[in-house]
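Data block below; observations after.
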Amino acid sequence: MAASQTPSSPQAAPLVPREPFLTKRRAFSIVGLIIFLGFFAIPIYQTILLEMWDSPRQLTQQIVIGLTKGTYIAVIALGYTLVYGILELINFAHGDLFMIGAFLSLIFISLFGLDPKTSSGITIFFSLLGILGLVMLCTAFLNAGIERFAYRPLRNAPRLAPLISAIGMSFVLQNVGIFLGDGLIWDKIADGLGSDAIGRVADAMGTQSVAPKNIPDLLPNGQVFFIPDSLKYTYKDLLVAVVSLGLLAGLYSFVRFTKLGKAIRATAQDRDAARLMGINADRTISVTFLIGGALGGAAGMIVGLYNGTALFSMGFTAGLLSFTAAVLGGIGNILGSALGGLLIGLILALSDQYIGTRWSNAVIFAILVLILLFRPTGLLGQEGGQKA
Amino acid sequence: MAPLLQARGITKRFGGLTAVSDVSFEIEKGSIVGLIGPNGAGKTTFFNMITGLYTPSDGDMIFNGQRINGTKPSEVTKLGIGRTFQNIRLFAHMTALENVLVGQHCRMHTGLLGTLFRTPSMRAEEKAARQKAFALLEYVGLGRNSADEMAKNLPYGDQRRLEVARALATDPKLLLLDEPTAGMNPKETDALTELIYRVRDERDLTVLLIEHDMKVVMGISERVTVLDRGIKISEGLPREVQTDPKVVEAYLGTGHAAKGKGGGAPVFDKA
Amino acid sequence: MPNTKRYLTTGGVGFAVGTFFLWNYPNLGLGAALLGGLVIAALCLLYSAPLPDMIKAGLIAGMFGAVMTIVYGTHKPGVAIIAGMLSGLGAGLLAFQRSPQANPKKAAILGAEAGAIAGAWTGLALFVMAFVIAPAAGISAGDFAEHLSETVILADTLGLGSDILILLFAFGFSTLTGALLGAAACAARSLPLRPNIPLLAVIALPVLLIPLIDRAGNLLLLDALIPIYIFILLALGLNIVVGYAGLLDLGYAAFFAIGAYTTAMLSSPHLGINLSFWLVIWVAAAVAAIAGLTLGAPTLPLRGDYLAIVTLGFGEIVPILFRSLGGGPPGGTLTLRFFGMPIGIEQVDLTGGNKGINPISPPHLPLIGDFEPSNKIPWYYLLIVIMGLAIFFINRLRDSRQGRAWMAMREDELAADAMGINVVRTKLLAFSMGAMFSGFGGAFYGAFIGAIFPSSFDFSVSIILLCMVILGGLGNMTGVIVGGLLIQGADKMFIPKGAELFRRIAETKARAEDTSTVGVSALQDLTQQRLLLFGIVLVVMMLVRPEGLLPNERRKAELHPDDDTINSNSVAAEAEADPSLAA
Amino acid sequence: MKRFLSFSLVLTMIMVILAACGTETGGTAKTTVTIVSSLPRTGSSKGQTDTIVNAIKMRLEEDKYAACNGNVEIKYEDLDDATAAKGAWDETKEAENANAAASNKDVMVYIGTFNSGAAKIAIPILNNAGIVMISPANTYPGLTKEGKGAEGEPAVYYPKGTRNYTRVVPADDLQGAAAGNWAKELGVTNVYILDDTELYGKGIADVFAATAEANGIKIAGRDSIDSKASDYKALMSKIAATNPDMIYFGGITQSNAGQLVKDMRAAGMTADKVKFMGPDGIYEQAFIDAAGADNAEGVYATFGGVPPSKLEGKGAEWYNAYKAKFNAEPEAYAAYGYDSTNVALAAINKSCDSINRETILKNVFATKDFDGVLGKWGFDASGDTTLTQMSGQQIKNGAFEFIQVLK
């Protein structure tokens, strides 16, 4: 049978059209879409969209509240993405680091003796800046210490081992939150050292270690000048948004443009290859944890001052939300996580308004599942190609 | 006699890059066909389109008279196409015996209830499967003692042979071998070549193999097809293909071929 | 000297523990606190020193028995019997694992020695209890010994009056049972039977006897043991999904909730349906399995952590559904208008919301009648039967075509697909099987507690189950069971009982010095340190054994008996065995 | 070899069986009666339950832990039905406590529970065991009164048909109604009602909604909050849009009530514009600490009874004795803890001749115009207290202040 270059002999199967439009998979998703739209779209239109139409002011108000919340969720989500990118590890302890940040800010505020009624605006502003630096420093080194002690030994252990170590660390940090929140311990230290500053911390914490702690309302509450009165937007909201976006931009530029940032991205792509290129992988990973810790601490202080509360279990719930945001945006991708955070904040606010607070968490996860159905690696996540 | 596998105008585009463009190509039943070409010629991509891992952007892949564009890899294997991988993808933490047993998965019929209540038919099927697995390991030259060795602990040559045994376990009609002798010393290569012959003769299988080792390809395949940058540049008997100037140019670059050494010794004789 | 590092760390740990006790419980007295620290440091040194395996095995198991006795001692000294038995058994098994013996006789001796050491440790703990800790906790040595003698009948019939004699008898008794059980376990373990019936019998002996001893000594141990067994059953189900199929499921509590709520809805006055438990448990398992399919489907195209987050999402959505479908607040219910026609999603009180559903009617057996909540023994044996069946069937699933498909998919999904395994069907099977066993667990939990609330199925349940599976040994049932016992034991028995002990010590001191015990700082109240201790157990365990306690190593020598019939070299046999091989 | 193995197995069996059938030999000379209390001793309600336990111990110490002039020894066990992880009562823990009490022969009185949800679990278990329950704090009406809770309540809690549950504090059908009337008195026209989905919170919010509507107050809206949420800014913005002049929250401090008030004030609903009222669940110092004194300014709280500092006669004596002994202000429910123990001891002293669960239960139910610190009161047939006096409090510069008695 001589090999013939020409197309195969006529008696072969008749030429079938090039590529049928309706492959099985595409048909299935179209039908699914139609059912989804028909079944959900009508009630969504009739209950939610009409209501939105009635009061555009309330809609914009909720969008503003949602986006403000979204900014600090994004800051926490970045902590998850950084660590996931470099170690492929879901760092459960990151949420609790955020909680420790809130407690540390309350402790420093009490130590500095800041009081909205007595201390002047200037002293508050500068001391808050100083406290922000201190808190970020503490949580950064705490996070690096956790990595050094709990995760580094498990570097080449089975993939799920560091996950359990992270969960363990999350419980440990929650209990540290209980200790920090116990006024009696601070009393003992205050009597021991005889310093009344620590006495102030003891009063701030109260006698119940697990009860929520009240953080004094130090941020300005005035209405922002250029916003019409119908929309409530105070300097506090503005400050929270500005500081959070500043942190996001700072991190993005650090990772994008600095040498160390490149090292982090390289180690995230392929740790061994990065080592071959002379990057000290362990040091880069520690730096990543330092940055993640600093971000978590800063977010803790921002949320502490914004919501006015510090509670030992706030890290667990906020962590869950921020990790969802990081995955929604595409885990491992910094811009994606920021986008995911903003989206989650928005969904929360709108769902509180139009569906009901008790359903909000369910709505978030429902939307997450829907998005992952159509984009399996998150909004901006890149397609991890499977090579045979 | 209708060809076992017929590719007609097969094209595959990854975004802008056209990995395989308009390749037509046939494999006769019971023959050994070699598929060669420099690195990045689209050989493995073409392979993956046969086994359903990728869906061809254009053209038809017809196996045994049936169009298999877009069928899932597990369905393609059921139809009768077994394969090995370029870089070994065995089930590392399972024993060699279990790897071959997994190969037989699509040929076994025990349902969930059968497993839960260990029906007599289930036990019989398991026993037969185990014996067939032992026989296959024997067939490819892996002794009884390595049957319970974890796949990742086997020496390199044995792992290659285990992959062939696993592919055979799916009772294929067409066996696709992706660089089976890569990284093997001459003695192992000869043993594997001999195995491929035995497989073709004793089990009347059709074999399509990708191979860089010219001595193996030229020695073993009845017909050879050459791909370069996704295009089929030559096809035919090994000798014809060897001296085809287009093939020489593809492999050794334009300078060498231009000198036109003429019909001398095959350019890439291994000696 | 390689292990100076070891000596330093173990010594440091001992010292830290000593100072921790000193800081917290000054009233324990400097001596007792430092003594505690030194004892632990000595143990760590012994553990790290190159001792023969048999002594080390006895030591480790013995420590477990000692801690159990001390923690339960003031409350129920009789626990020492169970502690002695279990630690003896554990010592035997550990001794075999460390230095396997082929000949059963030598193995029995090895086991006996290890068991004796473990039993002795438990006995020793009794002495420490009687003379150091009980008095500090307000119970005189005499009372303690008398309590102890009530539970060890022989002491009374032998008329052992004085405390020392009772304690000595208990010490001897515990050492003897430890040695015997250790010997039996070790010998049974050395028999090359498959399945090893004697070993199963030896392990089953204490497990089946615990309720009788618990009833005799009125130890109230079952209240803690039954929830632990339920969690182990769930962990076995999760092991299918995470261990065999390699699908990281972070929302497994959802299926536990579905199983429990199906039972509640079908056997309680809430919806007016009151079926018998024996039917409802199967319905619950079926509903959970179907839920496994429906919640598994969306995860099919996803890989790794994206799959984890979707399962986490479902783990959050299901409890919220149960919490909110309980008839919304009048006047504020969520009504969606569908073509103008309002559908009140929350009008019907389907799940009882946060009020939960209770009472759920317990199972009924002809001769025993209804299972009352106060008498735990029928519940205990019912659970043992369910767990036995679960282990039996999961074993079969693992050594089958489906089991191999799961493992192949876990190893390399792409290669498994290429080998003809329908990955979609295999994944869904894994999800539904895992969900089915959790459905059984949920059904039992609902009937046992008698009242269920949405808050007991939240994210922390899924996390603890995951820790049990991974820490125990991924994909290895015995590992998961041991890991489960350890984690749940620490979480539900040792830490709370330990906290009670220390609070009692603090109270006796306060009563002695007549100061008020209102203000107890978080450092002193052990219950406030539960998360810390639990977290440390997880972290340290992972540092010591990253691959889990009993990793899923393939036992090489385990060849099926019927393989010897193949004579490998004759082609004829090969041809006859499989016609398709004929050339 | 097999012989040795089987011999040792048999020997172990004998030893263990002997140990197993050891029955509890004769008790000591004096009969002991154990009084058990099951309250949330971890979490932020510890502040409240500390004072209840102190009051119980105070009463028992007065009789030197004895009854029937000395030949009955009283033992007291302080059980915790909360867990640190949840920070509130936990249903498996409550079931464990109730089962432990049921299977311990000495336990004859069960003081508890604090949260109504926990009572739902404990009552059926203790009803089967025939142990009398005296609750110092449960106020959910459905536990004792027909038609006041969901259908099927309260019969569903008493499988044996006989009642074994009593409570010293008036139920929410009274407190909810009193709150509704008080809102009318305060001139409220438009109220937004929130609850924490719990049995107690949702129950009292429903009663308040019914009474408010009967009094002609418009219901601006209704929602249940997620007590684990980090903030309620969006919810408060939604509520502000309906410009109510009062928000009523049915729930307890531990359901994040502090954060609710903080976000309410932040959303512009300051104390002068929008009132905030809650039931006795927020009437504790922990609420003021959580919300912060300036946010909590002006918050109204109803309470089934009179605050400790306002008790007269025996109550005033007790109040001073408590402050002297523990040098701390007793929380609202301390007096109820004291009187619960008071009634229990009285019942035990009446059943000296046959100390067992039935007679003590009968005597507790038979309590009529008992002269306790709360005044003269007794139990009716369904186990409720005859006390119906309610009081209204308001937070003024960091502390609750008694405003008026409510009808």
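A few points about this structure:
Per-chain numbering from 1; labels A, B, C and D assigned in written order.
Here, a residue touches a chain if its C-beta (ideal position, glycine included) is under 8 Å from a C-beta of that chain, and two chains touch if they have at least 3 such contacts.
Everything numeric in this text was worked out from a predicted model, so none of it was measured.
The greatest centre-to-centre gap from chain D, using C-alpha centroids, is found for B. Geometrically, the chain at the heart of the complex, using CA-atom means, is C. The distance from the centre of chain A to the centre of chain D, each centre being the mean of the chain's C-alpha atoms, comes to 39 Å.
Distance between chain B and chain D, defined via averaged C-alpha coordinates, is recorded as 75 Å. Averaged C-alpha coordinates give centres for chain A and chain B that are 47 Å from one another.
For the pair chain A and chain C, the distance between mean C-alpha positions equals 34 Å.
Contacts with at least two other chains are made by residues 42, 84, 197, 223-224 of chain D.
Shown for chain A are the residues that touch two or more other chains, namely 178, 207, 210, 356, 358, 361, 386, 388. Residue positions of chain C touching 2 or more other chains: 323-324, 328, 332, 414, 418, 528, 530-531.
The touching residues of chain C, when paired with chain D in their complex, are 81, 85, 103-105, 108, 150-154, 156, 173, 176-177, 180-181, 183-184, 187-188, 198, 202, 205, 209, 212-213, 215-218, 220, 223-224, 227, 269, 323-324, 326, 328-332, 349, 353-356, 358-359, 372-376, 449-453, 455-456, 460, 516, 518, 525, 527-528, 530-531.
Residues 393, 396-397, 400-405, 407-408, 411-412, 414-423, 429, 552, 554, 556, 559-560, 562-563, 566, 568, 574, 577-578, 580-581, 583 of chain C are the ones touching chain B in the complex. Interface residues of chain B, counted against chain C in their complex, comprise 51, 53, 72-74, 77-78, 83, 85, 89-95, 98, 101-103, 105-108, 110, 112, 115-116, 118, 122, 126-128, 130-132, 134-135, 138-139, 144, 148, 150, 166, 170-171, 201-204. Interface residues of chain A facing chain D in the complex, by the touch rule stated above, are 55, 58, 61-62, 65-66, 69, 178, 206-208, 210-212, 214, 216-217, 221, 232, 236, 303, 306-309, 313-314, 317-318, 348-349, 352-353, 356-358, 360-361.
Listed in rising order, the residues of chain D touching chain A in the complex are 42-44, 46-47, 84, 87, 197, 223-226, 228-235, 237-238, 240-241, 256, 258-259, 262-263, 266-268, 286, 289-292, 294-295.
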